[in-house]
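Got some structures for you, see below.
You will see chain A twice below: alongside chain B first, and alongside chain C after that.
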Partner chain A sequence: MNNETIQVLAAHIATHIIKQPKRVITPDEKILSSGLIDSFSLVDLSIFIEEHFGVRIADTELNPETFDTLAQLAGLITQRQ
Partner chain B sequence: MPAQIEPTFPTQAGQAATVAQRLLDLAKQAPEKVILRLLFNQAPDQPITYAELLQRSNGYAQALAGAGIQPGEVVILILQHGADLAYAFFGAILHGAIPSIMPFLTEKLSPEQYRRSLAALFEICAPAAVITYPEFESEVRQAISPHASIRTLLLSSQIAWPAEAAEITPTKGIQPADIVLLQHSSGTTGLQKGVALSHQAVFNQLESYSRALHLAPADVIVSWLPLYHDMGLIAGFLLPILSSIPLVLLSPFDWVRAPYRMLQAISQYQGTLAWLPNFAYNFCAQKIRPRDLEGVDLSSWRAVINCSEPMYYRSHQLFLERFAPYGFRASALATCYAMAENVFAVTQGGIDAPVTIDPVSQRGLLIDRLARPPQPGEDVISMLSVGRPIDNTRVRILDEHHHDLAERSLGEIALHSDCMLTGYYKRPDLTKKAFAGGWYLTGDLGYMADGEVYVTGRKKDLIIVGGKNVYPQDLEGLASEVAGIHPGRVAAFGVPNPDTGTEDVVIAAELEDQNLDPEDPAAQAIADEIRQRVTRGSDVVLRYVKLVRRGWLLKTSSGKVARSANREKYLSESDNFSL
Partner chain C sequence: MSLSHLLVFVILSLVLGRIASARWRGRFLLAASGLAMYWLQPAIPIRHLDFWLPTATLALSVLVWASTAPGVEVDEDKRCLQQRQNRITALTLGGLVLVIALLRYTQPLCCLTPTIPPAVHQVLLALALAAGIGWAARRISGRRPWLHALTLFLLAAFVVLKSEFLAQAASSGLRLLNGQPTATASALDLRWLGFSYVAFRLIHSLRDRLDGRLPELSLEEFIIYILFFPAFTAGPIDRVQRFIQDLRRPFRLGLEDALAAGRRLLIGVFNKFVLADFLAIIALNAVNATQAHATGWLWILLYAYAFRIYFDFAGYTDIAIGLGGLLGIRLPENFDHPYQKPNPTLFWNSWHMTLAQWLRGYYFNPLTRSLRMIKQGQSSLLPLPLIIFIGQVTTMLFIGLWHGLTWNFAIWGLWHGLGLFIHNRYADWSRPRLAWLDERPGLKRLSELGSVLLNFHFVTLGWVWFALPTPALAWQTLLKLFGG
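== the complex of A and B ==
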């Protein structure tokens, strides 16, 4: 389910990447081009996705053209599972 | 060990008086030598020989001449990682013009803010030309005001290459004391200070630094550092190219997404030297998957040099533990203290002997301002030495009246050398302020012990994040524009993060509305807006935004927000942080 995926991603990003556990990240909020996730944290995100969902995101895909919202990212994950 | 081999720099390249002449000499001596290898994300590696570098650079020189650009005029380069950046840079130099590399627009930075930065840069250093890509032309044009000094916008697509490089001569009349390049820090404040360096200063630095490194023909330098930064431009570009040392160059944007590429490049090309800011040690140690290191052999690496931001013993340990199984040697851990105002290196450590580790009392450093051994019960800080001054540079530690301090006393680091900046370009006021009695005042704090230099912090409020200098006033200005914030009641500062090995950027801001709880969702919306503004306006990502009630921020006697005092207050109130 996409919603579940979105929730897992949102919780991980809020807690471990931006370190504001209370921060609500909406499915359509821009997360890369807005600077919410900085470039130094992109690898963390792809490692988390690989470990948690078993899906590989190539380093060449870590850009807003591939995904810029949780909804897009969840879609990518679901598609590859 | 290469220690026995004479350095290549002064001998092999002869005694050229200018950088252009040096490039010509090198290209004549070894035209077919691959001096630069560019690595790309999804394209094959691009080897570039001296002959190609000279010929293509000459294309840019001819284009500048054809456009009526005069020697001694400034040319701004707005180009990304790639061959054109190298060609345009040396092309400007062959023509006798003064190149300055401007960071490229990133996806996070707002185009409006970028345009403002460009316009400010154009205003300050009055360039005669800008070189960019055709795709970026309209962006640059929008930043050029009607009365700007720029006469030519040269596009990388317009450059013609004469078929033969046989008769290339550099512009006549360029003297060793003339300015060869400008180097800017980023941000609104950084752009005010274009560090102007002469041919002679660059040569003097490269000669002394080559000796400190025992640079030898077997060396190969691998770098992902951006060329608009002194560490990238000097250590990761000019040093190898002007010393006949092969350079393998990656893009910083690719590296941050795939840090293993640098290690694979070391392995593939038998890299021997690399410079990294401290955070990169943690980053590489923590964020590389084992599968990306399969077959990687790091035994050729003789020095990985920590430079450009505060360095931590723990970062070295993390790096060593993670990469020792791949052949990385403990003896390769090295340190350097550098700044654009000295062209690059001031000191070098870890080449002739392991980096000295000086265990000192934390209380001694913070309270007594003395690097002394810890007494029972006192916390210990393992200070990493940045080594000894390179042989053309002298270092002193000064008190606030510019008197010398005793060994192990904490004071401002001042330096003197034969490779100092000519001045901040067109800013004699700033240049004058930076010197006292002929000594450059670095604004860094540190001490000396047994001839070695230790850097403990900064006198100025500068924040260094991931090796990049960030001026707090730039961020405070952006945050002050946010509705709901009491204008001017904002403090930006850095706090060290031991996990990442660099500083986290924090903004504390007072809310306008006295009745608004900082935990209220409405306040959180203001915090989000600050984040957004700062990121879009400066390309700096804030780690924490702390909203506080009116009166929280401490002020100086003159009513200004006191950054370091507020930083201390912030740290004392954060439960998740300890030094």
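== the complex of A and C ==
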């Protein structure tokens, strides 16, 4: 389940956020603190998560303390589904 | 915070961290934070105001707790015990204020406050009033209009304190009430120590209560969170959900924790009291900016300012984290090598991180989300660049004006807001086009080095607006820096 979620998230980020469809984002790569995803794209990502997975991540949770890797984000989504 | 304050705080923290049992830890932290707040408050020429302002901080904190604490939904036995504990805390706080006021009669030991506290009957009256308001607030706890009203009140107080005109008008009013001459009223009369940070923590609590995300807290826990003395004057702004985990965790200071905290304290003392205070001698200011004519010298003054402001603020954070470590509270980091970052986005992920995160959580993210949700069919009605522009520029404008309602702070905020926007658009354009750099690590490192230097100078030139009092002087200085 987590792997599938990670793949969906990685594909969305690569295609729609950083616009490099061939870019491989590994599950443990830091996506927020590294600057790969900026604050605007982070809100966009949370809207995508809400629409695609039906999971709400609150505005105050959008920070590296809550999740900084795809593995952590997928874990959070699974936990709330 | 002076070195003598710090020495007392270190000894106090060592003693509290080492000997306070789990039962008494909260009580000690409460008393220490309350006393420290009065002790740190600078002297104010308006009679007794340096006693009333810390008292108002305490009263506001109790009021917000009373307005956000859950009602009767928890089970009866637990509620009775909690109510008893909260009553003891309220009495302890009242007693603390009274003892501080009574010190006026203990000459020559008087006083903990910088000037003599008011007469005891005035303090008793104020305590009775605060207790009455607190009791009434408990009755309407959790009601949305009331929580919104409190948030607005805190924001309004913020505006008054940060605006020179309004602060001076408020000072005149207070002087008039006190029968003091109004001719010498100044905005500096309202130096309400720690209010900025206290207000952020209180608004965070109110907003999280509105969203149902505020944990259940005793009065003691809440007051310790708001007034925690290591972070009272200069942050960092911790989140209550995180802070409370550490506070509830049993803690006894061991050698390993003491050494880690001591190391952090030493770094902080060196950064603040050696590096920052030395650099302050030559850092850019309104006087030397006018006097300096050689471009090279002006750049030295500006570099000195850039490093002084960093070492000063980061030093305070190190000290706060070190003191917190002695007490078993792991305060969040506020700086992460900001001058080594290659772009404005990463700079703001590593400079005053807790303030930036606070504003993202409570302003930028909700605003961006609501603008994104204005849709026509399936797509966003507003163009993405416009949403990014509005979000980034207004957020940075707020951060600028948080330092004071002046043109220069506004321009400094706009400088960074535009920098973030331009970088965002550039990154969007360049990322797919420069992806080949990933296969040329040497060239990538060189490009990153160039970006770090460019970004450092972007931030450093922005400090000209921050350091100088008027737009005219700042503009003149910027021109001189480039040989004009």
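Operating definition for what follows: the second predicted complex is superposed on the first by the 81 of 81 C-alpha atoms of A that agree within 3 Å, B and C clash if a C-alpha of one lies under 4 Å from a C-alpha of the other, contacts with A are read in each partner's own complex, and residues count from 1 in each chain.
One rule holds for everything that comes next: a residue touches a chain if its C-beta (ideal position, glycine included) is under 8 Å from a C-beta of that chain, and two chains touch if they have at least 3 such contacts.
As the structure is a computational prediction, the values presented were derived from the model and not from experiment.
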May I ask you to decide whether A:Asp44 touches chain B, chain C, both, or neither, giving the answer as first, second, both or neither? both
According to the stated criteria, A:Leu76 is in contact with first (chain B), second (chain C), both, or neither; which is it? neither
Partner chain(s) touched by A:Val55 [first = chain B, second = chain C, both, neither]: neither
Which superposed partner A:Val8 touches (first chain B, second chain C, both, neither): neither
Looking at chain A, which of its residues have contacts with both chain B and chain C? 18-20, 22-23, 32-33, 35, 38-40, 42-44, 47, 59-60, 62-63
The chain A residues in contact with chain C across the complex are 18-20, 22-23, 32-33, 35, 38-40, 42-44, 46-47, 58-63, 65
Chain A residues touching chain B in their complex are 18-20, 22-23, 32-36, 38-40, 42-44, 47, 59-60, 62-64
Residues of chain B that touch chain A when the two form their complex: 41-42, 107-108, 253-254, 256-259, 279, 283, 287, 289, 466, 500, 524, 531-532, 535-536, 539, 541, 543-544
The chain C residues in contact with chain A across the complex are 207-208, 211, 213, 239, 242, 332, 343, 345-346, 349, 357, 360-362, 364-366, 368-369, 372-373, 387-388, 391-392, 424, 427-428, 431-432, 435
